[in-house]
């Protein structure tokens, strides 16, 4: 098998340049590439376009990059929990493109599946449809939406092997597999990196062919945004 | 959880009618719904349109249905190993639509993902493109191909639970998950049917929402088409 | 007049055995608490889970297991996990039997606005546009009037739309209303103690209201 | 002049370390036997496997584990299994570095015909149309002339096409040839003992052949 292991996040992201377009996996703070984000902050790379369902919170996730003014544009479906984000947006520092969550996911998938465009009914008749081709199939209107074109995808998995195969844990899967398929260069950080043969081929969520670099991350905080519990009786 | 268990293949397929359009999972004879095919032969339902990558062999798989003249039309990518098939085709008894394998898979996926059409470069400039819309994206031509519309999908999994969740084993996965997503009614036969909670949610290949009926099959023959081995040293 | 739990309780009666249901944030989330015994329902969370269970016991929260509202949750026996593309794939292909979500405004032709108020910080539409454009069966849980006393059931939405001609039922603190295919709200049930006249005054859109519309039965 | 194994051996030299490779049925399958030591290659089988291993030992055949030629095979450490849609997704998105397949005819502008002979029973194109339309790097393994001695490297294909303007390299029993972007075959290497003249006579399409084209080195 092809060995794709790099030493760590700093090496993995070393060729991300000012102006790059990145995909970042995760939903809220769940399943985000914490180590890669920290490395991007250390590197100080700027003018980034970030495709990510959310924009983190003020002091975690993509919020850390926003604090350092590294993000030029966010492409997201929901950016609700972030005061610095709001400040930069209102001041015109930050550009934001809001797109429906399913459209976001499917435009990633389209890139991974070599489909230049897909059709979705999401946004028909709304401002999301402005300037887009609408097409009727079987009496229903659909928007044509284009596959994303991202320089790098940064994803976080639970387990991975040196051949790049990835397994995600529970709902931290979310956007990670579709973004992993979609990046020109895909960088995976994993909680546990194992040798080929350890992971059952039937359990692999992302085949190694999609992953260009992989490393075992460290010090995962895995912060919870909404800690909801029920009482024990 | 919703219980989707039926007693067996005969009950599962009881409402398949003459003229129905079926998807049948499998690649060659690997991962085919053996029990459902046997029940269809017993039921004697005719004039079927079958969407399946292959057409079985003379005495197994869809070949058993061909022997009984139950198939009006095959939609496949490769139909090579079947003398009775050839006879019916040449005599005009059987209609055949050959489409590229990736197009076949992706038209199934499109149905499961609620996408009315997809774009693929497969077949551009060939007779497959005749009568189809060709569209250029980024300098490359693509055909627009429509999602399949199948009344029933018959799939075979390794393990399933009563809620309809499916896990496939090795390359018997092939077309099964994409067809499972695509049927208006999806019928799954499994080698082992278990209670909810036995299967790890992270290992499920086909979520139960796609499966309408499930049963534990019996007497799997799992015939091998090309038995290739290497000598032990 | 119903409180939030009352609205949720009334909506729960619309859930049939065997349904796959997607619950939005807010009142819709409360619906899960009122699903009748003996009704088997599977809750979808669009971040990638079928079979959402209750909140975890304290100390058992799992950062990797959240719902679309980013709350810690649990799975149930029979749950399955999938990625975001498959999640919205099953939404688009109408595998989800019922979608329940909140709204700021609904119009008499079934348009809905629930994501953006001009001049205010826009948080985003999340999955709402996908859900309303795809679901075959959508119930809106909302307040009938805003804090200024103005109706939110309108001839035409004033806010930017989330989806067009997609809502078929609305449950508010005052009433259950269907939206007719030909346009217009039809009063189905009154909330306990609320008069037909009161509902008429609170509804700016076209309303078809039988004077004998029954009071809803919640238990 | 090369036999089938010779063609496979020569093609194997085109495989670089780290390549993901899809091998078609026939001569391309043989290429796997000649991949140089120290070259890490992952073989894709389009029925849904990355990391195809050798045939199983007798008695260890697994009916659930076959390749696209329906042969029993094995996995290797690091293998992964996926469904047919993802398999062709990775083919379309050009994640496969090299595709090797057979052909009945190839034209000087890179068209290929390999699936249908009018008047004969058509078995189907399988995955060939997807592969040739998508792959960035395709090598065709084929016989230079048919049994009647007629060239299969043509100005224009006579058989129904599998793909247009997609082939860049052809390896036959006589030669290695590139297909030039502007059209025409360019002789790269002669098979051992085969003269440039012989190749010229066996090539009906436009051929650019340096009289000093080197003989291929197979070991």
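By written order: A, B, C and D. Residues from 1 in each chain.
Rule of thumb we're sticking to: contacts are C-beta pairs under 8 Å (C-beta built on N, C-alpha and C of every residue); 3 or more make two chains touch, one makes a residue touch a chain.
Chain identities (UniProt): A, B = CoA transferase subunit A.
Because the structure is predicted, anything quoted here is derived from the model rather than measured.
Participant: Any chance you could name the chains that touch subunit A and subunit D both?
Facilitator: B
Participant: Please identify the chain with the largest separation between its CA centroid and the CA centroid of subunit A.
Facilitator: Centre of mass proxy via C-alpha means gives D as farthest from subunit A.
Participant: Using the average of all C-alpha atoms in each chain as its centre, how far is it in Å between subunit B and subunit D?
Facilitator: Those two chain centres are 28 Å apart.
Participant: If you average the Cα atoms of subunit A and of subunit B to get two centres, how far apart are those centres in Å?
Facilitator: 33
Participant: Indicate the whole-number Å distance between the mean C-alpha point of subunit C and the mean C-alpha point of subunit D.
Facilitator: Roughly 56 Å separates the two chain centres.
Participant: Mark out which residues of subunit B touch at least two other chains, giving numbers and ranges.
Facilitator: In subunit B, the residues touching two or more other chains are 106, 113-115, 120-121, 168-170, 173, 201-202.
Participant: Residues of subunit C that touch two or more other chains: which are they?
Facilitator: 49, 75, 81-82, 85, 88-89, 91-92, 134
Participant: Hey, which chains are touching each other here?
Facilitator: Per the contact definition above, the touching pairs are A-B, A-C, A-D, B-C, B-D.
Participant: Sort out for me which residues of subunit C touch subunit A in the complex.
Facilitator: My answer: residues 45-49, 54-73, 75, 81-85, 87-89, 91-92, 111, 121-130, 133-134, 160-165.
Participant: State the interface residues of subunit B toward subunit C in the complex, per the touch definition above.
Facilitator: Result: residues 1-3, 111-115, 161-163, 165, 181, 195-197, 201-202, 204, 207-210 of subunit B touch subunit C.
Participant: Going by the contact rule at the top, pick out the subunit A residues touching subunit B in the complex.
Facilitator: Those residues of subunit A that touch subunit B are 106, 113-121, 137-138, 140, 142, 146, 167-170, 173, 201-203.
Participant: Which residues of subunit B touch subunit D in the complex?
Facilitator: For this pair, the touching residues of subunit B are 27-31, 53, 76-80, 86, 89-90, 98-106, 108-109, 120-128, 158, 168-178, 205, 222-232.
Participant: In their complex, what parts of subunit C are in touch with subunit B?
Facilitator: Going by the criterion above, the answer is residues 18, 20, 40, 42, 44, 49-51, 75-82, 85-86, 88-96, 134.
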